[in-house]
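Note sheet for the following structure.
Order as written gives the chain letters A, B, C and D; numbering starts at 1 within each chain.
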Amino acid sequence: MPEFDLVIRNGTVATASDVFGSDVGITGGQVVALGRGLGAGAKEIDATGRLVLPGGIDSHTHIEEPRGGPTVNADSFASGSASAAVGGTTTVIGFARQERGGSIAQGVAEHLERARHSRIDYGFHLILTDPRPEILEEELPRLVEQGHRSFKIFLTYAGARITDDQALEVLAAARRLGALTCIHAEHHELIEFHTRALLKAGLTAPKHHAWAKPMVVERECVHRVCAMAEALDVPIQVFHVSGGESAEEIERAQRRGLKVWAETCTQYLVLTAEDLDRPGFEGAKYVCSPAPRSRADQAALWEMIRRGVIGNITSDHAPTRYAGPDGKSAFGEDAPFTRIPNGVPGLAVRMPVLFSEGVVKGRIDLPTFVSITATHAAKLFGLHPRKGTIAVGSDADIAIWDPAKRVTITQAVVQDANDHTPYEGFEVTGWPETTLVRGVPVVEGGRVVGAPGHGRFLPRGPYEMI
Amino acid sequence: MPEFDLVIRNGTVATASDVFGSDVGITGGQVVALGRGLGAGAKEIDATGRLVLPGGIDSHTHIEEPRGGPTVNADSFASGSASAAVGGTTTVIGFARQERGGSIAQGVAEHLERARHSRIDYGFHLILTDPRPEILEEELPRLVEQGHRSFKIFLTYAGARITDDQALEVLAAARRLGALTCIHAEHHELIEFHTRALLKAGLTAPKHHAWAKPMVVERECVHRVCAMAEALDVPIQVFHVSGGESAEEIERAQRRGLKVWAETCTQYLVLTAEDLDRPGFEGAKYVCSPAPRSRADQAALWEMIRRGVIGNITSDHAPTRYAGPDGKSAFGEDAPFTRIPNGVPGLAVRMPVLFSEGVVKGRIDLPTFVSITATHAAKLFGLHPRKGTIAVGSDADIAIWDPAKRVTITQAVVQDANDHTPYEGFEVTGWPETTLVRGVPVVEGGRVVGAPGHGRFLPRGPYEMI
Amino acid sequence: MPEFDLVIRNGTVATASDVFGSDVGITGGQVVALGRGLGAGAKEIDATGRLVLPGGIDSHTHIEEPRGGPTVNADSFASGSASAAVGGTTTVIGFARQERGGSIAQGVAEHLERARHSRIDYGFHLILTDPRPEILEEELPRLVEQGHRSFKIFLTYAGARITDDQALEVLAAARRLGALTCIHAEHHELIEFHTRALLKAGLTAPKHHAWAKPMVVERECVHRVCAMAEALDVPIQVFHVSGGESAEEIERAQRRGLKVWAETCTQYLVLTAEDLDRPGFEGAKYVCSPAPRSRADQAALWEMIRRGVIGNITSDHAPTRYAGPDGKSAFGEDAPFTRIPNGVPGLAVRMPVLFSEGVVKGRIDLPTFVSITATHAAKLFGLHPRKGTIAVGSDADIAIWDPAKRVTITQAVVQDANDHTPYEGFEVTGWPETTLVRGVPVVEGGRVVGAPGHGRFLPRGPYEMI
Amino acid sequence: MPEFDLVIRNGTVATASDVFGSDVGITGGQVVALGRGLGAGAKEIDATGRLVLPGGIDSHTHIEEPRGGPTVNADSFASGSASAAVGGTTTVIGFARQERGGSIAQGVAEHLERARHSRIDYGFHLILTDPRPEILEEELPRLVEQGHRSFKIFLTYAGARITDDQALEVLAAARRLGALTCIHAEHHELIEFHTRALLKAGLTAPKHHAWAKPMVVERECVHRVCAMAEALDVPIQVFHVSGGESAEEIERAQRRGLKVWAETCTQYLVLTAEDLDRPGFEGAKYVCSPAPRSRADQAALWEMIRRGVIGNITSDHAPTRYAGPDGKSAFGEDAPFTRIPNGVPGLAVRMPVLFSEGVVKGRIDLPTFVSITATHAAKLFGLHPRKGTIAVGSDADIAIWDPAKRVTITQAVVQDANDHTPYEGFEVTGWPETTLVRGVPVVEGGRVVGAPGHGRFLPRGPYEMI
């Protein structure tokens, strides 16, 4: 009689601290044993020559998310979760959104319904666009109790932004409730000011999107939110830090002893503002916010990752199609940058790009890769040790990784529902062969085999960062 | 026949770079000759053993300024200018104010009328509380042409604050017009947030005024306005930097190559937050914004002055009486700090305190004293070389200074129209004996002899700082 | 038939990234299995309510080390390794020393002989006092091949110091050989200068030891060695960083992208310069180099640990007796500080003090504790993954830790061969009950049960830090 | 009867703080009056359209200075002082040198003899190569009393360098005597190490001179000397700061409150390391120490000048000929860089280059130009207010400057005794027409008219910097 449901045999296991040769025994969807020469499994996977990695946690993803206005997110939970698993990611944290004047509880309920089709596990940050007292005092305590332990606020975007006054009330609520607030930090009025000036001057090409929001716009707001966190003594997570100056503000806050955490995203490590200036309207595919920066900023971000200032890397997956009535070209290929829907997809490529550009190129070691793709996010967002590591008792969320496989990224490879990838043609070394979610294969040999609905909602506990 | 209208004989002249023994020959209200053994003057002053210093420029003063609400500024131009001259100051820059919905040109006209009674020369910063397009595009160009070359904006105070959006429009107008924008920089919403929390908690004493606006409130806003200045590439003057953290933001901006200038005020160099906690309601006398900080902040400010990061020191003279219906105690001695009118007087003490605490105590040398009390402001605000130095062709604005005189500051000494001074009992070494404005004594032997109306409006040119 | 030699059952295992409930199966001195409900062990330990931690690595210890001059190290390998194990440490890295004019290979051979009596595993840094070409080119390559992969140099101390010129040659050899150079960094001439001045002034008490080597002495040298490492592009480990200014230089080097690593020591986190001023000659017990600093420096060091700037904490165990002909009082209790032998013991207290002051007081989390006491040192000094973690295939070096046990430190508790401990009376929460070295108990229930000679020499591989 | 010996009429006078239209009345070699419409002079100069500037002080010059070894300085005092005056400089501070084992008093006596032929005024820094107790305790007090109030030490160069131990003794003596120590700061052993490696690798071209002494070599030593100054609480002047990293160390020291002053030199503002790589052996003309750096370093230095971190600019005039037995090519045009004598000339071009690159290009204003070329040095080296300004009582050392004159620099223009200038072909706007030393023309209309021997030795007082 087999001792385990599944044994992954002869692989090299990596955690955020260690790398060691070990079989992995899985029963009931959990890792129950690590050891060499474990007893038989009902099923076995030979991982000789492979890395056995904690499945990735992508803590910033937009999947099947309604947007204000005409544009629609290309991915459903079925397609988005498939693409995530293709790239080794086994948990996504997305967003449930409050409509202004509306209820966040209702947004959660609706989003839970949509997410039922996910193939991988999931949780939500609660986007608060209208933090009225009844929301903060009645809805949020219940939602936090149900495991929705993080909020998201925007300080820019006409349809979503809240004022500093409201942001302080959200932060104060987060402090009371032990929730973590994630912040999109750009100086709204400066972006508007620049945009008006650019349009007036006829500077409307995709590349001018980056002109409208230069680094100072982000640096200002990062400092501001750090100051608000300092005044209230409450932790925050700064989203999508895109370059050196903003990262320096994060580091200054950390040096003051604040619990200011930060992510950057795949695109800020491999794309640049020059991509926005590709011939024709091709640059539209690279329009996202913040805008991609320079090679020097990429180097600065890697350095900040190496030194732990920036702790996790997400995709900010926002799959806007190029074609069609919701696409980046919906208003024609002469449309001003203000009419190009924001967002780039990235669920599938996040881990392979980080492995290839990070580990293979010698910028980071394997435990750091595990940390920035999984463990840090798990700790920050209350999923550890259930998620984010390979340890006894953890969910058997595992990416079996071929470290030598060379892949040229194409739309066919990423398998999301978008019609393009901004990483088209990008070459990486290392790719996951098999992705398990709670011991069940969702991807096998690169093929999506997991069924929609396999994913489970993850109630989350408090962040455990000191 | 006398060669000069007036000769100051045998004194030691100081400028922002030099100290030398010289007579000063004055004719037509100007310095026309420097030399030893100058020919006779119609009038002569023996300055043996005395310093002959440029009269001070106090570039941040509130005199006879209407305030929203019930409180009235204690000083008229007659009394305020007398007190300034008592302390060696010969030029004040005050404020003409736009009422919301109103015209700044009208505010200027009214203030010019009031200022006609000044005994010393004067100019105005234009307080913009409602920068509508017609104000920015029609009124301001005319006013700048008339020599009102600096604007003042508030980012806090319910009655005066403008939004970041409006601030950007003001900065853009300043850039177009070659005017300098002065900024009161505190994070409005944080102050409000703290204040609500303090009141709710019953923490309402004068000292809680400082709790409502800790350093982070100011540091945040200083960084923000520096970022806005950086984005628009326009110089700014940050008002009343009150401690180390804010000064560090100023320095960081300067290191980036920005033309970010800054003042601090007398009170931030000699008062502390502990003064707000004096027995009874005495602390109310020290309620001003920003709030006085700590000894460590004082040391940091002196260091920033020594290294030139902070270039001029003003009084932010805001003479609110203690008694009476407009006074700090108007709402009783149990009034919460929110009902205590802000502001401390300081016109008379600014130069003596800086001389005593700076030069006599060895923190700065005499040329630096001249620079921070006169020359730097003259250059920044377009008054140089007419004002702010003793050079051929300059106005004969001169303080004849007894460097050894010991004075204990009292209300009788300062001679303004207030009913108290927060510097009561403070001892200084060094005091001006005689103050000349364009060659005419306004103070002689400590006695005010200049007539109201001797002062002249000063049209100002562009700042000449590189 | 038992499945394992030993099973540690029902404990909570911690690594540098994870904390999880698991049994630990040990066979042949190695961890062979992790899991719940593991099969039987020939021997079993019930760890219910206990932490199961990687045994500590103390990478800076002086045990049975000959010193120039009359003083003798109080500990033999038998006593020192017992004390280490009492405090949860299972590996020590000590020092083999080259005498000037002599051979380092000979120093190694002699020290290997002494170390045969160790109860726990060990390796050596090679102290190079005379790096002649034949040493660098002939002896070192052989020694590195034998697993002595780290060097130690002193830039102060008359008997041991080498010049910058020699230091560069050592660093160049380390680069060629893939060895890591550890550096005692204090500006020698400044110490000498200060010492001459103090003695001349009659300032000879123990506390004046700290006056002779203020922080600037260390900061200077830390910057200097970072610069040398930068110029040669070679990693270094800076020993015993004692306060904020030096740590800041470490951080600046790391920000430049350098592989500059650093340790601090227990004493710099809990002792201060005031301890040197204890009544009578008691202060002599606190004479070590660098000298203990201030509370502010302690806070700065904790902050640097929290942010990962300082990666490991050692004891710099240097057990100089108080009494006797080799003791701190050998020259009488009026002896000038220059005649007090340096050094404080600390092998036993290192981990308990860090657990209590760090984890229990909330300054760091448990994985960070594991990292700074074991994992980081293992990686830095080429012992990972054999040592420094609990993972399949690792040596079963384990401290079974009672996290709630309260202990008042006394000489009886620490069980080394010294006659005093500078931590006498210090109270800690948390203490190891049982310490295993390769699966064999060396301490059980606080009692030393491991035999001298159980320890093994550890040949070490290259550092694996990126 | 004329009222003055000389009147400079109708010019625009500039000081370090002011710019104003004024005649200058000169009698007895001093400025005795400033004013418009001054009485007649026995001689008059029409300065209409001209700037009337304080004659420059070049506080770092090597003129007719014996060097260890075969090379001889191209300039005599007659030729060097002529070249200086051609460029508007009226005072030079050179060096009297102690031979090892010898007396500095003798060095001074000999150098005073040589300097008798100078056309402009002069003083000496005392180069201490062998600071034995009798030198420090007997010779130096007498020399300081005679007005030699500054020392110079080298921390590199085989023939001149002193150890850190000796440096501390010199600094201590300087502190006792109120003298200022100037320091050539480069890490000697690193230079030697690099040089050995480069020669071994056959990398011997002029450009490899810069490879032997990269920025880190200088930054290290700058930090070290700042630390020594901090430990002893004594002011220092760091010579020839050549780029951003070193300047940052200067600034950090100033932020700590230290009296650490610094110069940079003309060559570090307009030459770069690429000049060392000119075709053939041309690069040898640019071999000086420190080596010229990059454009980014030039920008950093200008920024440091603008913010006052670096206070004066010198030429470090070291006129080594290209041809001849003492020249840069003495060992052939294939000579390794180690055999190329160091040093570039620059007396004549210093002020014109700074005026053109600084004032004309908008990097600094005119008062700053006066400060960095004259006033700051005067204050630092005890010559103020006699020298370094135009004020009543000051020596009439004046450069009458045509701000619009365009000059292409050639060897014929600079009029020193060298056979080349590294600035050949460099174009500047602005040049002095007439240079007066104590009221006597040394250069008139660009022609040297001052006689050798007109110069006077300047006994100097203590620095007056706070």
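The rule is short, and it goes like this: a residue touches a chain if its C-beta (ideal position, glycine included) is under 8 Å from a C-beta of that chain, and two chains touch if they have at least 3 such contacts.
Predicted, not measured: the structure shown is a model, and the values here were computed from it.
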Point to revise | Touching subunit A and also subunit B, the following chains | key: none
Check your understanding: If contact pairs are compared by residue number, which of B-D, C-D or A-C agrees with A-B in over half of them?
Key -> C-D
Practice item. Tell me, please, which chain's centre (mean of its C-alpha atoms) is farthest from the centre of subunit B? Key: C
Exercise for review: Report the inter-chain centroid distance for subunit A and subunit D in whole angstrom, where each centroid is the mean of the CA atoms.
Suggested key: 58
Review point. Any idea how many Å lie between the Cα centroids of subunit C and subunit D?
Key: 51
Revision key, fill the gap. Distance between the CA centroids of subunit A and subunit C (whole Å) is 40
Point to revise | Residue numbers of subunit B (touch at least two other chains) | key: none
Review point. Among line, ring, star, complete and other, which one matches the pattern of chain touches?
Key: ring
**Study point:** Chain-chain contacts as defined at top
**Key:** A-B, A-C, B-D, C-D
Practice item. Would you tell me which residues of subunit A are touching subunit B in their complex? Key: 163-165, 167-169, 172, 187-190, 192-194, 214, 216-217, 219-220, 223-224, 227-228, 230-231
Point to revise | subunit C - residues contacting subunit A, complex | key: 13, 15-22, 25, 32-36, 38, 254-255, 257, 303, 306-308, 362-365, 367-368, 370-371, 375, 384-385, 389, 391-394, 464-466
